[in-house]
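Below are the structure tokens for one structure; questions will follow.
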Amino acid sequence: MSLLSQLDQIFVLLQHWVAGFFPTWLQPFVGTVLAVVGIVAAFPGIFAVTTVLERKGLGRIQNRLGPNRVGPFGFFQPVADGIKSLTKEDIVPFTADGLVHFLAPVVLVVAVFLGFAVLPIGRNMVLANMDAGLLFFFAIGASTELSVFMAGWSSRNKYSLLGAMRAVAQMISYEVPLLLSATVIVMMTGSLSTVKIVEAQGGFTGFLPHWYVFTPWGFAGFVLFVIAALAETNRSPFDLPEGESELVAGYFTEYSGFKFALFFLGEYLGMFSIAGFAITLFLGGWGAPFSFLGFVPSWGWFFLKLLGAIALFIWLRGTLPRLRQDQLMNFAWKFMLPMTLLNLVVAGAWRFMGEGILRWLICSAVLLAAYVLLGRVLMRHQKLGPRSYRYAE
Amino acid sequence: MKSTEEILAMIQAALPAAHVELVLNPSPSAQHSLRVAPADAFAVASFLRESVELALDYCSNVTGVDWPDKEITEKVKVTQLVDGEEKVVEETVKRIEPGCLEAVYHLYSMRRAHEAIAGPVVLRMRTVNRTDQVQLPSLTFVWRAAEFQEREIFDLFGIVFTGHPDLRRILMWDEFEDHPMRRDYVDPDDYEYEPTPHDEVLKRAEAQSKSAGVTA
Amino acid sequence: MTPLAAFLIVAALVFAIGLAIALTRRNAILVLIGIELMLNAANLNLIAFWRFGPHPELLTGMMFAIFSISVAAAEAAVGLGLVIAYHRHARTTDLDTMTRMKG
Amino acid sequence: MSTADMKVYRPPVIDIIEEGDELLEVAMGPHHPSTHGVFRMDVALDGERVIRLKPVFGYLHRNHEKIAEKASYLAAMPYTDRLDYFCSLTNNWAYALAVEKLAGLEVPERAEYIRVITAELTRIQNHASSIGFLMQEMGASGTPLMYAFRERERILDLFEELTGSRMMCNYMRFGGCRVELPTGWLAKAQTIVDGLPKFIDEIEALLTGNEILMARCQGMGILKPDLAINAGVTGPMLRATGVNYDLRKVDHYGIYDRFKFRVPLGDHGDIFDRYMIRVLEMRESVTILHQAIKDIPAGPIMDPKSKIRGFRPKPGEAYGRIEAPKGELGFYLISDGSGNPYRYRVRPPSLINLTILEDMCLGHNVADVVLIFGSVDIVLGEVDR
Amino acid sequence: MLGEGMLKGLAETAKNFAGSFVSKDRLTTVQYPEERAPVIENTRDFPFLVYDGADDASDEAKLAGLRCVACQICEKECPPKCIYIVKSTDKKPDYVGKPQIYPARFDIDISVCMSCQICVEVCPFEAIKMDTEFELSTTDRFGGLLYDREQLARSNQHYHKIHPTEAAEVDARLAEEKAKSEAKAKAAAEAAALKAAAAAAPKPVVPAAIEQKEPTA
Amino acid sequence: MIPTVFGLTLPFLIIAALTIAGAVAAALLRNLVHCALSLTITFAGLALLYLNLEAQFAGFVQMLVYIGAVAILVVFAILLTRGAGMPEYRSYSSNWLLGLILAAATFAVLTWAVTRSLPATAASAAPAVTVQGIGVSLMTTYVMPLEIVAILLTVALIGAVIVAMPESKKEGQQ
């Protein structure tokens, strides 16, 4: 085994090595525990780094410096934040439903962590290579809604309740396009297994990889998936459930201290897992972007891509204002849903059109035309558009 | 733009029964005003707004002025019986000129704004006295702009505007009792504590928490 | 390995509880919940029989369960829609007072 | 003239809510993050639709008018800074203008130019920050606000150099200005003014074409011109409804007649128009600034008749008003010949522009209420006084 | 209209993101304790009392050099009424040598002061000026920010340091006034001398005041 | 490997207990939202039981449909009908005793039938159920039911929307 491939498999080897100290019948169990520990350690670590990067990135977008006081370049800021939130008083409203109020963040974090189980982080690096892995991810993702509802309802705060209602309505609505845009990939790969999906994108033409994003339907699917993912994780411009200018902090208005931190963690982990799935489905997972870069460890690519996706999310957050609830719903049902359905059709057509430039042209043209048409109709329907102004001398 | 005298003449021509008088302003600004009897105020105000020539459709400023009771010392010659014979004696008499509260409306025209330099047309109304429940007719239905400003006058001066759709305190809290812009207002001794609606809120919360479940 | 009977008894228990909810609770939504529970119990039976049956590779039981789940979802949507529609008229979800069929 | 056929602009009447109607009563404020200070709106919601909204003021009330009536004419000047703390220089000007009318003072030409320059700079920084706040309300995570503040910072530096303070300028005096321009100030102002169009372009590139912004703003919170006039709404809010009423053009106060500038007017009276009118007004202000900085003459900056100590105008009254960035700012003064004003009244544009807040918000979403409220552009220091 | 507005916005923020690394001009924030914004000459914060004398003079010398004559105009005009003055019962000569009342007590409650500069404007004696010191936090809420004469006194050199142009003008004006009053005193003395000479020389009394006068800084 | 109690594996016991507990709680709790939340526990338990039975696909579908959709729907319905938080004035029906007896009888009969009729069969070796296999059989053997279910779902969707739609038009006509 060459050094590079050893580096590629370093975590797998490490896992086997540690598990080797245990009796044979315990080894699978220990291996699983090790992998879980790895995930549970790694992603909150990324969460910590991301909070700093997000604040610094937003700062730079806004011509500020961002946090730079704690530690070198402010990178110990999450430590300070963590200590702060752990030592803060845990306030439970007087009239709150104590048990549900407590369970809500726990349920969220647990559900979100479960989603990582089927995420292939690198070659041979997936906790559970399930046959129905993608379905598992969506099933788990659906249960986060419940925790959001629990948080909002149990706080006995009107803002929380409004935020929870918004969040749940939004998550349910966007689950449909999310699922449908991922279905394209399932159609093409013929498998719900995340590992197989990544492997299907492993080849190269020349030095360009066979990522699904480089096909018309893949690109459309990717864009739609990212939009739905933003909505699903309540990120800007779909951050209505916690829109601080309207609902104070939405469903976690009444949370403080550690529970608030848990919510925060859950939100970011949800973002990572969904970004990870966007990478897995459309961006070739842990595959290298160019054939000559194959020597870099696969997990390195995965995390690099994850970082890129997070940067995109931050960039969008720094730029876009927030939508309104009914617009959000309209967007989901009137734009996202038709587009995803059309994308399914286009993907099917692609499959049966054979090789050649023609299918590229036709598929792109159909998607583009539908996009332009739909967008125009929607904008005109709402009487939106640029305006001119008159002047009085 | 017409001078105040001309406007007065127009009002008198249109509403002969209305009591309107001219109040001169001696300062260099020369913004003279019209004092209207409260009973006629609504008719006069409506006329000013609807009149095509004046079109005073914009009420810029509404405010109150407090004119407290003035003690006037005068020397009066009185015939008196002094030592059995009548004499004319000079005597100082203290007379109290009753004060009043005044509401002042500054009107402009937006529709005819660009035709000439428009000074404000000033409309004033006086209450009878300055006891607690003095009343003036509200002009909110003529100019919506007066809505909050009349509330403010009610709050700070204590003029009750009859016919105002929503006459509540606006700047001071509801439990406050005095009218701080009156000239005889005395600061309360201890302004740290004033009853607030919060006590009631607490009470309600307690009652709610006693019943097992609480409405969301 | 857990015997088939254990699954069936669990299913029977869930079914009985669902039935009890449907029959004893007054709130229309809770009655719907009870019906959902009964359906679920049936699904569990289907899957258990599929697993312990002679031909698990034929997928019959599982297919049945999957179809049943989809139908149950439709049932829940329509049922809850009805409850909400009724509530809009009569302002109640209490089955004992739901006596009118006209809006 | 019968008053029966007169059109009445009634405030919305609170409907008697039926028993069992599912209303959610929310108190937005006083410490809600989007109320621009301590302001409360008692909102009744049906789902998320607003069916009643009552603004509640007074959390910042300090009885500015009473304080000023107890102090001398001069001592009221620094308090005017604190009315609308974003635009202290225009507040100063309005008060100085009222006193000048009351006492019949003449302002030297150079002082008038200085006033115009500072007032237009104030207008630009106010409009820029108000757009930033509006976007903040819309959830743009502060980016436009930070850009606006970056530019505002430069303008505030200018103010500090001239007046000694960034926000509480206390610069204008009855019959002129307090101090002469420091050397090199005009050149510095020129460079900053030259940079402003680039900043406005940047803000426009970031926002004007943005589809989300259009969807959020167009057709929201529409105000009809009739109601706007009747409710005494002024400033960019009024002009967004299409009413051509700019006091700089109407009252010809100061020396605004000498400058060539246009008054932008909107046609819809919605949030987007208010936003665009502010942007366009900033551009017009830049042209005024260019002209003023070019033409400013030398000369004295104070009317020799005016006095700093022992200022006692003759009895009488005066109402002076200017076009402040937020609308018509008026001061009504009654003098009884003493050193204190007998009656001192501020006509706050922020408060009166809020009169029709409920009319604009009814039927909209909670999220829109926040936006509509943001588009009114108020400062609580002025509303509560 | 189909997302290009958003793309334009994204390009704008990207430009700013990159620009913040390249041009220092974009970043307007100042990293406060380490960095400081440049001092602007006209900046005003809180008032101080000017005394003529050395920078590090003793408290007595400071008080002796105070230009303030306790005329109480600033106390009257101060909008938030944060100045408290007690007049002295005795008199001492001011910088032109005229015997003047001095403040036996001069307190400014900095926590109330709103930095409006009106005290400076109304002062006929150039005795109170605005400082640029703004780091005044204390732990004592009530007493800590109530400054008395000693704390308020700053030398004329300090004034020159923070507001050079203004201070130069003030000094010129004072020098002129002083010259005028000296000339006047001289003229008066001469007139007195003449008078005395005419009245067969009784001893002149007035010049004593001039001898007593202290040198101005 | 896995410890057993009374011949039942421990995971099964835990899951079954959870399922039953959730159902019992849904039957007994007074607060409707609590009922709905405990119901989700039951749903989750059932999904886990499916997994226990090696019906992976069915388990995930159960999770997706019941926890992700039905439970949320129930909760929404409770909120929309103002049932949230209000303890029921009288949460049990007037003839609750009859219902309880009926339910108990059903359980007794079912248990009796189960214990009497079934021989203790052991499960055959776990079949290799791939998603692909399910898909293939959905499209071949079960294509007719699939289509019928699809139609049913569409009809149900439209029906639910129409039923729940506010009757604004009718009011407008009046």
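For reference, chains read A, B, C, D, E and F in written order, and residue numbers begin at 1 within each chain.
In the analysis below, a contact is a pair of C-beta atoms (placed from the backbone, for glycine too) under 8 Å apart; a residue touches a chain by one contact, two chains touch by 3 or more.
Predicted, not measured: the structure shown is a model, and the values here were computed from it.
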Required steps from subunit D to subunit F (each step between touching chains, minimum): 2
Required steps from subunit C to subunit F (each step between touching chains, minimum): 1
Other chains in touch with both subunit D and subunit E: A
Central chain of the complex, centres being mean CA coordinates: D
Inter-chain pair with the most contacting C-beta pairs: C-F
Chain centre separation (subunit B, subunit E; CA means) in Å: 45
Separation of subunit E from subunit F, taking each centre as the mean of its C-alpha atoms, in whole Å: 82
Distance from the mean Cα position of subunit D to that of subunit C, given in whole angstrom: 62
Where subunit E touches two or more other chains at once, by residue number: 1-3, 6, 9, 12-13, 16, 26, 28
Per-residue overlap in subunit D, given as positions that touch at least 2 other chains: 143, 147, 150, 206, 208-214, 244, 249
Complex contact set, residues of subunit A against subunit E: 57, 60-65, 68, 315-316, 318-320, 371-372, 375-376, 379, 384-386
Residue numbers on subunit D that touch subunit B, as the complex places them: 1, 3, 6, 8-11, 13, 57-58, 61, 63, 65-66, 101-104, 227, 229-233, 243-245, 249-252, 313-321, 328, 330, 332, 334-335, 343, 345, 347, 351-352, 354-356, 384-385
Subunit D-facing residues of subunit A, complex: 58, 61-64, 158-159, 162, 236-237, 239-240, 243-248, 317-327, 379, 382-387, 389-393
Interface residues, subunit E side, partner subunit A - complex: 1-3, 6, 9-10, 12-14, 16-17, 19-21, 26-29, 31
Sites on subunit A touched by subunit F in the complex: 25, 97, 100, 130-132, 135-136, 138-143, 145-146, 149-150, 153, 156, 161, 165, 168, 172, 175, 190-193
